[in-house]
Amino acid sequence: MSANSFGRVFTVTSFGESHGNAMGVVLDGVPPGITLHALDIQKELDRRRPGQSKITTQRKESDKVEILSGVFQNITTGSPIALLVRNSDIRSQDYESFKHLYRPGHADYTYEKKYGIRDWRGGGRASGRETVARVAAGAVAKKILLIEKITITGFSIEIAGIKAEKMDYTNIEKNDVRTPDTEKAELMVRAIDKARQSGDSVGGAVQAVVRGCPPGLGDPVFDKLDALLSHALMSIGGVKGIEFGCGFSCTKMRGSMYNDPFYKDGERIRTRTNNCGGILGGISTGEDIIMRVAIRPPASILVSQDTVDSKGQESKIEVKGRHDPCIVPRVVPVIEAMVAITILDCLLFQKMYKGEE
Amino acid sequence: MSANSFGRVFTVTSFGESHGNAMGVVLDGVPPGITLHALDIQKELDRRRPGQSKITTQRKESDKVEILSGVFQNITTGSPIALLVRNSDIRSQDYESFKHLYRPGHADYTYEKKYGIRDWRGGGRASGRETVARVAAGAVAKKILLIEKITITGFSIEIAGIKAEKMDYTNIEKNDVRTPDTEKAELMVRAIDKARQSGDSVGGAVQAVVRGCPPGLGDPVFDKLDALLSHALMSIGGVKGIEFGCGFSCTKMRGSMYNDPFYKDGERIRTRTNNCGGILGGISTGEDIIMRVAIRPPASILVSQDTVDSKGQESKIEVKGRHDPCIVPRVVPVIEAMVAITILDCLLFQKMYKGEE
Amino acid sequence: MSANSFGRVFTVTSFGESHGNAMGVVLDGVPPGITLHALDIQKELDRRRPGQSKITTQRKESDKVEILSGVFQNITTGSPIALLVRNSDIRSQDYESFKHLYRPGHADYTYEKKYGIRDWRGGGRASGRETVARVAAGAVAKKILLIEKITITGFSIEIAGIKAEKMDYTNIEKNDVRTPDTEKAELMVRAIDKARQSGDSVGGAVQAVVRGCPPGLGDPVFDKLDALLSHALMSIGGVKGIEFGCGFSCTKMRGSMYNDPFYKDGERIRTRTNNCGGILGGISTGEDIIMRVAIRPPASILVSQDTVDSKGQESKIEVKGRHDPCIVPRVVPVIEAMVAITILDCLLFQKMYKGEE
Amino acid sequence: MSANSFGRVFTVTSFGESHGNAMGVVLDGVPPGITLHALDIQKELDRRRPGQSKITTQRKESDKVEILSGVFQNITTGSPIALLVRNSDIRSQDYESFKHLYRPGHADYTYEKKYGIRDWRGGGRASGRETVARVAAGAVAKKILLIEKITITGFSIEIAGIKAEKMDYTNIEKNDVRTPDTEKAELMVRAIDKARQSGDSVGGAVQAVVRGCPPGLGDPVFDKLDALLSHALMSIGGVKGIEFGCGFSCTKMRGSMYNDPFYKDGERIRTRTNNCGGILGGISTGEDIIMRVAIRPPASILVSQDTVDSKGQESKIEVKGRHDPCIVPRVVPVIEAMVAITILDCLLFQKMYKGEE
């Protein structure tokens, strides 16, 4: 029931504020007997880390993870795994000047209405820094899924209106924007940089693909696989839309075009097309699970904006600080993490109930 | 943890199969002291009921609801409210001929992989008939929300590629497709009818608007209001995409254009635009909450399709039975119901934690 | 999160009031492929049914169960199973005369403080009749456990100060008080009858034993097997104490006497004694799980008592109606049911996480 | 659903092993705006700390708590509060010699059957050291309850067969065994010391009293207040029995003696006696909530015992290490903590649903 926890049987509990002592996460329901090193987690955190290139925030965080519990001699024991990442490069004074102002597009106003109090340092709990916890948890989930040969790949499919077209996954980690289309990568970087120079920000879209997922995952009726994934993805700051398979374009299709016909591929039953995105009736078909999420332009911009302060006075604001002009590339590992957490939860859940085959 | 339950403190537990004895739902966490009549529920069920017009399935179901518990002298007592709707117009023989065939676009194959067994009568648990439970539960939620002056309005915003433009909400319930644009309504009906005549089906999109929602609802970080709503909406059969506010179009926007500036409106703090759809940082702003969902064309079509049977033999199938050539109009009350359930859950949750104002 | 639900992955949601339309229960997480007939449930309901002998309430209820969903051709499908039992022999007028009086020992006062409203007919939701739902759910759990050769046996070990000594389980269902000691059964019946004649009631204790439970069930740290069982048992009306193994007598023991030494029994590791009651560190050892619960004398007595009415006036009350002078014999199947539900929940949970052996 | 979490809306997630890096806990659902200092938590940890007297283990742990998150300028923000306590005085080598032996009365065997792997250092996750997390969480709960004038007092009511008789609560913290009876305290200490000298251990019982609890807390039917408390208390290692009010002695009482008559005390409705222990129908009456728990003698004794090793060979074992010959005095703050957590959870839950008064 904790709003800071996610997952039904593989549960992830996140804590920490942007300028507090530390970010952290507790994982419960981790199967015992899995080999796990801090390095498995570190390499995913490094993908999310700020300061990776000129188009990301210049905040410097080493983001070193410490495994506090649940692992004995590099093997999971079935006990909860707590992971800790200390905050270090904190400049709360950057935020002091507008601590009474509600930054447009940010959660300042809504947090204050909700809680009657607000940790204004660096966005507090509402900061994107919270995703450190998600990426750390996702790294553990990915490790376990890999044993079952399930992999998750995320990438930028669109930034500032520029769409990736060539889908060569081997390119994804080779450019600063994490897109499979090397040519477009350059255009995307340029567009981000241009926005940054004018103190502005840009949006985009991420695609994620789950490969190797067995059929049968997801639980009707409310915990359908796509419903759980939507919950997971929409809980990431900046996500404003989600679609599966051919998504919103289905609104214009006919059933005869949309339905994916079944066929026999050796021993396996497959579908010839995958318009449904690998999920039928909320349960995985065994085909790739394909989803796309829309990412809004970051709220922190240097441009002057109208706002109101906590006393109700109208005012102007220019948001100083160190910010990303586009979070799409850095949100890719976060999206992968949330997908991994959800798939693992469903995989474990299914172990309880599956019928004989 | 039940996959057939939804809600954290206002919980809805659904049961029943399309051709089983009954559909039903148990509501827990209903505040005591609320006036509730069977008629409050019946009028919403009547909006969802099949056979309302020539463009819906011809299955005849009176869908009479019985309140089994939780209400004493027409007042809620705080005890769980169980609602029952008997199934009557069942023709399971329509399904017997293809009980071994996996209907494309349906959950036949995935249910069988998941459970090793499948109730093939009328789609069993995977049938759209399950939404009877949701609409009944949503009717109770709406009644409670109305006390707080919170209302939810859903409508067809697009069917078969035809988009509503005039947004006159008073028209919604006056046409067969539940759209606010009377002129477009006629075109939509024609498009559906045309598809029906060729044994095919069409998709569309529904928009839902929550008015009167106070600021402060929704719970960071995983149970953000939009995350919970996405979970709720994506759990409805046929939904393949969700977006809030300006949604997927944010991918092409700059922050300076996207951010909604704050201003003072009398005593109230408001935003001049509502690109974010009434939710910032996962918490309601007090503006209208606006969301759109993509609805795929129904899977049941008379056109011959390729498929495989449960023995693994390739085959052809033509899906007989009584089906909707477009579910968009009938899904409108279902969407309203799921939104109402989610908003009520957040409203009750917030009562525990809200800070002093 | 529903307070009317129990179980983590095998979840039971109960509804209904004593003099409402019906009692019922929804079971989720039932494994698919299990043979289940209404008769499996009916035979357990018949054990709980009122009017079985002169020492129980004379309310006449046939308690016929209807399976509303989740079973297809007598096989569970993995979908939620809803079970319904209509109320029939209702005499609400018996309660009308003291509807404004708080009956001592009953929940009238506390319900009114909690909810501000109260269904006074036959105790409403607080009635022992609610256990119909538990027994029906427990019957399904028992059926599934039996496949794994796990059985649960409950019996009266003490009534009105008279203790059973001979432990011949084959006698339990042969006497009106459900005790394994035939001689003591007669004394117990006499003691109950004597109390009944003076308009009074008596208490007692029930013992429950789980046989065939594999080692490894129960989940540290908060969901220890004994913690979950205690939750389950203490939620039964009238239960005021719980102990496992040698229970409260451990307070006077030394560790050297209390510890159960391990030994080898063929391939199996066992303990020579079972002071811990089959649970170590919250996890089953594989030995019999043994627990005892204290049952208070029923609150409904004909003797005149001091009380207060809902307006705050002091008054006298004599509780008319049809009541049990001792609920110990009828609570036995309820206790078995709650134990079965808990053990099944842990058994399913363990399927997700167990290490290789 | 996490087995390492407790609470429905005030949730506590515990992690850490006895000889791992740290113990910790994450609290969610903490109301915002509460003043909270590390010292509030430290003083409760100091009550639980080892090495307080000659009758406790000589392990030296400073148990300094660090607040990692959720508190800003010494005020709670509504975000999750993570608390960390580093382990320091670790002598894992003490355990190395019997790492393959199953210690009688310990969870070694059952953990191995459950998980297939076991952290044998100091009992790992099954160690009493886990209660550091509970006491830290309980300290926060107590602080919040105090605002509502709700207090919880625990004490040793029996040790090694010696019962406290004089109930002067002001004495509790003045003696090494935390009993309100100063004279008996001396006898208890002597009995513990005698057992210690012979390498043995003794059991006892703790009583806990909640004062100032308003009527209306606890949620029928499965989440009755006494059911939740039983879950909470039985989840503490070493607890083998629980009773409320007059507890097991109710088995010998008649209803006319057991029922607590209502009367008027000024504006308040009260009961003349409190046999039910302050709970009727699972809901608090407003009287003191009174419970007693049985504590087994600690499993770690120096006496030679029969056991089996992980290869299945029978063997002898003498458990070396630093152990408590009686955990009753140190378990008192743990019991208070679990009671506080449960009461706060119910208090917050009730805010959502309470009827008008």
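Chains here go by letter, A, B, C and D, matching the order in which they are written, and residues are numbered from 1 within each.
Here is the rule we use: a residue touches a chain if its C-beta (ideal position, glycine included) is under 8 Å from a C-beta of that chain, and two chains touch if they have at least 3 such contacts.
Fair warning: this is a prediction, and the values are worked out from it, not measured in the lab.
Looking at A-B alongside B-C, one finds more C-beta pairs in contact between the chains of A-B.
Annotation: the chain C:chain D pair of sequence copies touches via predominantly the same residues, more than half of the used numbers being shared.
Each chain gets a centre from the mean of its Cα atoms; for chain B and chain C, those two points are 38 Å apart. Work out the mean CA point of chain A and of chain B, and you get 26 Å between them. Listed for chain C are residues 1, 3-5, 8-9, 14, 29, 32-33, 78-79, 114-117, 125, 220, 349, 353, 355-356, each touching two or more other chains. Residue ranges of chain C in contact with chain D, taken from their complex: 1, 3-6, 8-9, 14, 102, 104-107, 109-111, 113-117, 125-126, 130, 158, 160-161, 195, 200-205, 215-224, 226-235, 237, 240-248, 250-264, 267, 269, 271-272, 276-277, 279-286, 294-301, 303, 305-308, 312-314, 349-350, 353-357. Here chain A touches chain D in the complex through residues 1-5, 7-9, 11, 13-17, 20-22, 24, 26, 28-29, 32-33, 66-70, 72, 75, 77-82, 84, 114-119, 121, 124-125, going by the rule given at the top. Interface residues of chain C, counted against chain A in their complex, comprise 1, 9, 29, 31-33, 78-79, 220, 348-349, 351-353, 355-356.
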